[in-house]
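The letters A, B and C name the chains in turn, as written, and every chain counts its residues from 1.
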Amino acid sequence: MRGSDYVVKRVLFAIGTVFVAVTLNFVLFRSLSGDAVSALRCRTCTQDFKEFQRRELGLDKSKWEQYKIYLVDLAHGDMGRSLRTEEPVRSILWEPIKNTLPMVALGTLFSIVFGIATGVIAAWRRGTAADKGALWGGLAFYSMAPQWLGLVIVLYLAGWLGLPTSGVKDPTLGILSDPSAIEVVVDRLEHMILPALTLGLVIFGQYTLIVRSAMLETLGEDYVLTSRAKGLSNWATVWKHGFRNAMLPVITLVALSLGFIIGGAITVEYVFSYPGIGLLIVEAIDQRDYPVLQAAFLLLTLSVILFNLLADLLYFRLDPRVTE
Amino acid sequence: MSAPLLEVQDLNVWFDLPNGNTLHAVQGVSFSIRPGTRLGMVGESGCGKTTTVLALMGLLPPTSSVSGRILLDGTDVLAGGEQTISPHRWRDVAMVFQGAMNAFDPVKRIGEQIAEPMELHKQVSGKEASARVRELLDIVGIAPNRARSYPHELSGGMRQRAAIAMALACSPRVLLADEPTTALDVMVQAQILDLLTHLSDELGLALVFVTHDLPIVAQTCTHAAVMYAGRIVEQGPTDALYHETRHPYTRLLWAATPDLESRDDVVSIPGVPPRLDHDIEGCPFAPRCDRAQARCVTERPELRSMGPGHVSACHFAESLAAVS
Amino acid sequence: MSPVQTGAPPAEEAPPTRSLALRTLASPILREPSALVALAVLAFFVFLAVASPLLVGDDPKAQVGEVFEPPSRELPLGTDGGGANMVSMLVAGAQISLLIGFAAALISAVIGGTVGILSGFFGGRTDTVLMRLTDYFLVIPDVPLMIVIAALFGRSTWNIALIIGVIYWTFTARLIRAQTKSVRERVYVQRARALGARNSRLVLRHVLPQVTPLLIANTVLLIAYAIFAETFITFLGLGDPTAISWGRLIENAFKDDAIINEAWWAIIPPGLCVMFVVLACTILGQALEDALNPRLRTGHLSVRRFRVLPSPRRQEP
């Protein structure tokens, strides 16, 4: 198989990064061991109780010991218990993940579609008003703080479109009768659209820029001139030769902007009170629920690493020149 | 004597410059080609030879203006601009570009790309097209099974041949080759030149060969046109240009090429060609000419007949005969 | 494959002078109208930030009217959720937001620039090690990391700036590394090396002047990122509680239920300010980078075709 060593290299790198992420996670959170306990909010906490908690959380052992325990626990999927509710973190994360994933996926889809459309138009009609419009539009949206855009959308757009602006489902659904599967899906979608749209709008601008310059660069390549010389029309040339080549950098860019996407998702969920991982993180910060925060952060980091790996492999599949 | 296949009459090309001026890149170029003719266009970089051949295919950018006539089988194809030229692209006149290494789309196989113009113009497809692709590869000396290779999997020389195969796809009658052997090593160069000569002899293909390398022209071409500052300064059968050089520039070009057997010093031509963004008074070569006189600076020399099919633009062309 | 050739042979590269470096920065700005506008906008906000104490007096947070009072002649942008003058809040906010933005970008530039130059200049093991480090850093999502570190460590303005700066150095590092590598291969550097110049001299006199314009261009872009990041952090409640920044103003609007009160004057202006500054930095930085990383490609597709002029009748020779 072509370049199987490339695949192996990337997977190994991903594993290495996972290791770094896990360790970083540990270092970040454990270094506040003392704070975590002393920040426990309980009205009747005595010193003894705090000592007990400390031992429970293993904070009395050496850092190295703690590290090993951490790794073992993690391998078993044990991410501790919420300081607030005593529930195992693992079960707290489940619902929010189910909510966040489709919303972020939808938002990313919006951004890719908007970005490619505007980028292609801008390159295609280079120098004309359409080019300037697409660029400025993309840039303007890209310069908006996501929470601000979210607020503006809630203020002006939501009422007009009749879309809900908080939560993930209609609380009245299912009270009078069993909702059908379609009704549930539609309901979920309705709640997802505004946050996803906000996310998509805030992000697409940088794709516009990249698609445009990738397109322009591609269009300046000799094989495009050759294609025109062979008699293909502008449109056919773009479609058959320009597109594929120009889209390759987009994959890389999406992978690189994952951090920004997640940041945007967190703020957007906060604005729209959308009960996903983002909102969970915000609440955990507010309540100093460090185990939850730590687990959520680790989860996010691991997802990003995974997606980067997938993006790498996808790029590899699409570009036959990648061999090393 | 067969009628001229391709005749260029008084071709002029101007480019709009960002500062508002125009660059007069091609100035009054005329030549005619019969089947089996191999015309070499020689000159330093910037003399207008590439622009001339691009004009023949109508591949000039929107910042350019063209005047003159391009007669294909007696009909002016330039008159209607894109409309009249595009039907002839690849079918009557095809081109092998400078740096043909990049003429291929990196993400598609070369067989596909060679077949592309066939499918577009001649409506052959599928099995017929594949068969013809293999035939073409065979003609240029590439193993037919390489049709499934990607461009980066071929060596430079092979890619050049593949580019030639692609150019022949629709059986054109005129092949334009822009520096097809630059950036190839000497052995491969020789092979390509042999191939082109062979194609011309066997298929009656007319060749316009753009290069800065005069010895190649001497080796391969039946006729030569020497260009300087956008104009043809000497033109005629290669033999005549070699044995009866009638222009100081041509003479210097011959002298500038190192001769393994001679003990003479290599002569280089000092100075640089003139800028073409304003009109030039007198002979454009005068500043660098070793035989320039007062007349050369004020009066522009016109092309004058020096013999059958041999013209030169120099006031003192006849006196040159004594020297060489 | 440019059809436009002027016929002049490439000049031998000479080492750049300081004035040349400045000129390479100035000319793309002066030539491009949008970049000029961007510079003007940025200058305006910088002025606001610097002059802020003079413009708003002692306490911009002082209550001057009812909560969420709509705009009027005395209060052009009304009041916020605490009854304070929105205009004062905005101007005060400019100071902190821009300060954080510039400081963070500077930190990033210094770290990233150093790593990039070291990596690009020395190559070999230094390069590999540094780039590995960068690679690992790059994969970890930036915004969540910032949020977490801010949550854990610090809520002061300087901490925030530091955090943002430390996170973003990787982008600069890669860019500067590439540029350093290409400069290292240039003729005059090789020559200086052959003459026995020490590394430090090579870096200071040859590499640095060539790399600095690009570094500046990149830093301008980073300012945009940094201001953005600040709004993220503040919005999630992690900012300095005593500092007024635009991010804080947006957060206030949210927390104080400006939406329910339909107080658009409390919501829209701070976000607009952020948008304008970020936009200005992006345009400026992009214009600079584009000019310094020339990609002079002419597109081979054209909407309009070449023009055909009527032939003047001429005698054949």
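By definition in this document, a residue touches a chain if its C-beta (ideal position, glycine included) is under 8 Å from a C-beta of that chain, and two chains touch if they have at least 3 such contacts.
Fair warning: this is a prediction, and the values are worked out from it, not measured in the lab.
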## Note on the structure
Relative to subunit A, the most remote chain by C-alpha centroid is chain B
### Summary
Winner on contact count, chain pair A-C
### Chain nearest the overall Cα centroid
C
## Note on the structure
CA centroids of subunit A and subunit C: separation to the nearest Å works out as 23
### Query
Between subunit B and subunit C, what is the gap in Å from one C-alpha centre to the other?
48
### Query
In whole angstrom, how far does the Cα centroid of subunit A sit from the Cα centroid of subunit B?
55
### Query
In subunit B, what residues contact two or more other chains?
59, 97, 99
### Task
Going through subunit A residue by residue, note those that touch at least 2 other chains and give them in order.
221-222, 225, 228
## Note on the structure
Expected list for subunit C, residues touching two or more other chains, is 1, 298, 300, 302-303
### Query
Tell me, which parts of subunit C touch subunit A in their complex?
1, 135-136, 138-149, 151-152, 224, 228-229, 231-232, 235-238, 247, 250-251, 253-254, 258-259, 262, 264, 267-268, 270-271, 274-276, 278-279, 282-283, 286, 295, 297-303
### Query
Tell me, which parts of subunit A touch subunit B in their complex?
221-223, 225-232, 240-241, 244-245, 318-321
## Note on the structure
So, in the complex, the side of subunit B touching subunit A is made of residues 57, 59, 86, 89-91, 94-95, 97, 99-100, 102-108, 116-117, 120-121, 150, 152, 166, 169
### Of subunit A, residues touching subunit C in the complex
13, 16-17, 20-21, 24, 28-29, 31-32, 123-126, 128, 139-140, 142-145, 147-149, 151-152, 154-155, 209, 213, 216-217, 219-222, 224-225, 228, 234, 237-238, 256, 258-260, 262-264, 266-267, 270-271, 281-282, 285-286, 293, 297, 300-301, 304-305, 308
